[in-house]
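First the structure, then my questions, so here it is.
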Amino acid sequence: MNKSHITKMVLLVLTTISFMAALYLIFFYVPTELSMGVVQRIFYFHVPVAWIALLSYVVIFVSSIMYLRKRSKTWDTVAIAAAEIGFIFTTAFLVTGSIWAKPAWGVWWTWSPRLTSALVLWFIYVAYLTIRAYTQGDDRKARFSSAVAIIGFIDIPIVILSISLWRTQHPSALIFEGGLTPPMLLTLQICILAFTLLYVLILIQSIQINRSILKVRDLRRLKEMNEG
Amino acid sequence: MVTKAPALSDGPIISVKGLTRTFNDFLALRGIDIDIGAGEKVAVLGPNGAGKTTLLKVLSSAITSSSGEVTIRSTRLKDKDPEVRRYIGVVSHQTFLYQELTAYENFTFYCRMYDVSDREERIREIIDRIGMMPRLHDRVSNLSRGMQQRLSIGRALLHRPEILLLDEPDTGLDWHALSSLWDIINREDGINRTILFTTHNLSRACTLSNRVVIMNKGKIVHDIAGSGLDAGNIEEIYSRLTGGIE
Amino acid sequence: MDNLGYLFAAFAVIWAVVFGYILVLMNRQKKLKRDIEKLETDIRQN
Amino acid sequence: MNYFRKVSAIVWKDALSEMRTREIVFSVLVFALLVLVIFNFAFGADETAMNSIAPGILWVTFAFAGVLSLNRSFVQEKENGCFEALTLCPVGRDAIYVGKMLSSLVFMIIIEIITLPVYSFLFNLNVLSFEIIIITLLATIGFAAVGTLFSALAVNTRVREMVLPILFLPVVVPLLICAVNASGDALAGESWGDLFSWLMLIIAYDVVFVVASYLVFEHALEE
């Protein structure tokens, strides 16, 4: 048990350090963007949150395929953990996106390619959580969620492509707009590193919690059998 | 106390080694080992939850096994080869019939799914034998439970399976109807059919089969064939091993 | 709300979400640890 | 090849039970026509507004009509354990998927064949052009491909009518976007060149999701 405890400690330290570095870079190092002014600094947290939302779905996709092949419950616990985190980060992305849209475009919501794709991604997460909530029986619940996750994951690139084709008539680089000066790029990379480390830490913690939920259920069944 | 029944032909037509099956952490089958020779008529007894239906579902390849080896006609079910199902007929609690279609249409559909070449004659032959000729073109939803059970048994015989798995075939049928159907199931066009059926009725188990297997809590607790087969003896063993008859 | 206010609001949301979720995970874990201990003692007794 | 005989047997069975109950085509058709009429009430007064959102109305109608007919597709299999009976036939689950998908496709196309003329009658737009028919056909293949898999999942859940739209609609968003834009261009009399990019995306979507649903269906529905 202590091996995973150590890794968690190391991760915690690394995450804290990188977050402090990120905050320093955002508020002191990087120059203010000319057109949008200071509010543009939301960008340095906004993009990593989107990155985590997408990364989570990759994790769900991989663990779903592994579950359908191996049918072992551990892969399913990984998928549940990643789904929860991914859904929360996608929601955070939409909220901060609209907070950013207000000063930038004077309206709480615009159908910009990035925000629209994020909204569809949000609904794909809802689809995953819905099938998981409404299916009975562990094995069937895991199998059905894996199916929805795989189809949902394949849908994401096509969603992004068709939305960008629809909104801007040319498929532009959606997440990483061009024109980032070197300091801006450095800050962004550090922020993404910080969020990724945080993500791995939360994911490990959440997986362990899901495993112990299963353990509690087994112990409860064992108790019933002894009494029964 | 498990006495091995002699296998009738060369290898067993069904061989099960160390079969386990779990449903959401409930161990439905806890290590089943049994060999069934071609032509054997095996009755499977046991209280509810003993795993009878699960065993039948695994053998019919409706569900996969959690561990262990199941070989039917020397093909391993694990290889997921659909062809092995050609030799298996299944009668389950559910009738497997489409409510909105007529008996004739249901049988035509299943004949096409099982590639039955002489479809028309086969359907007429089976319908006539199960005594459903007058109701051939009635919708299944308009038929009584007993008639649907007859159709369900007829459906399982359409493709002349060598192995027949019946899950409590006596539900919805009175004794007379079941025994008349039993002759059909047995003597059907010259196939010495291997039959595995589950039932709660001990006397029927003895009269209809030449081997009785008793299951309890996911394991085979008794397997006796031939001479030992009389209702009294079985009843005594059954109540001793499974704690009483429901 | 001038621009700085929006900046603060956006960061506040992200931090709130992150720490909120960590808190949720922590008390889930506490509750589970309690359940496991209670169940293990029960099982050990009978 | 007996694979196609099995697939055609499933399609034949679905068609037969549909003719018998007229459950899917009739009820969904009434729904589609009602939606068109309601849109007409909502936007009928303003001619220009009507034309600009005409393709949107068409595809909202088709999307929801699609969901309704897909909701019914596995109901027959759910009664009397017929889905298990299908898996006991000497054929892979993939043939079951292809069979059910084709029958859903046929039902949806029948609904569209009737809805389109009524649409062009109500909205006096020439919707029966060759381009629109091609777009509709291609998009419906995508609907049927994803819809059949999701309806097989949804039919085994508790609140089946509610689960299917939540699963189905987000995944067909790209299809809807492309179809609406392509139909808009087609209605505006654009040449094939402009429709090309949208059609390519729809075709890519169809290919990707027929294959993906085909594979996932086999594994996800194996007990």
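Going by the order they are written in, the chains are A, B, C and D; count residues from 1 in each one.
FYI, contacts are C-beta pairs under 8 Å (C-beta built on N, C-alpha and C of every residue); 3 or more make two chains touch, one makes a residue touch a chain.
Being a predicted model, the structure only gives us computed values, none of them experimental.
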item: Central chain (distance from its CA mean to the mean of all protein CA atoms); value: D
item: Pair with more cross-chain C-beta pairs in contact, given A-B and A-D; value: A-D
item: For subunit B paired with subunit C, centre-to-centre distance based on mean C-alpha positions, whole Å; value: 53
item: Distance from subunit D to subunit C - Cα centre to Cα centre, in angstrom; value: 43
item: Distance between chain centroids, defined by C-alpha means - subunit A, subunit D (Å); value: 31
item: Residues of subunit A touching at least two other chains; value: 139
item: Multi-partner residues of subunit D (each touching 2 or more other chains); value: 222-223
item: Numbers and ranges of subunit C residues touching at least 2 other chains; value: none
item: Interchain contacts, given as pairs of chains that touch; value: A-B, A-C, A-D, B-D
item: Of all residues in subunit B, those that touch subunit A in their complex; value: 23-25
item: Subunit B to subunit D touching residues, read off their complex; value: 57, 60-64, 82-86, 88, 90, 92-101, 105, 109-110, 112-115, 139-140
item: Subunit B contact footprint on subunit A (complex, rising order); value: 137-139, 217-218, 221
item: Residue numbers on subunit A that touch subunit D, as the complex places them; value: 68-69, 120, 123-124, 126-127, 130-131, 134-136, 139-140, 143-144, 146-148, 150-152, 154-155, 158-159, 161-163, 165-166
item: Complex contact set, residues of subunit D against subunit B; value: 2, 5-6, 9-10, 12-13, 16-17, 20-21, 76, 79-82, 84-92, 222-223
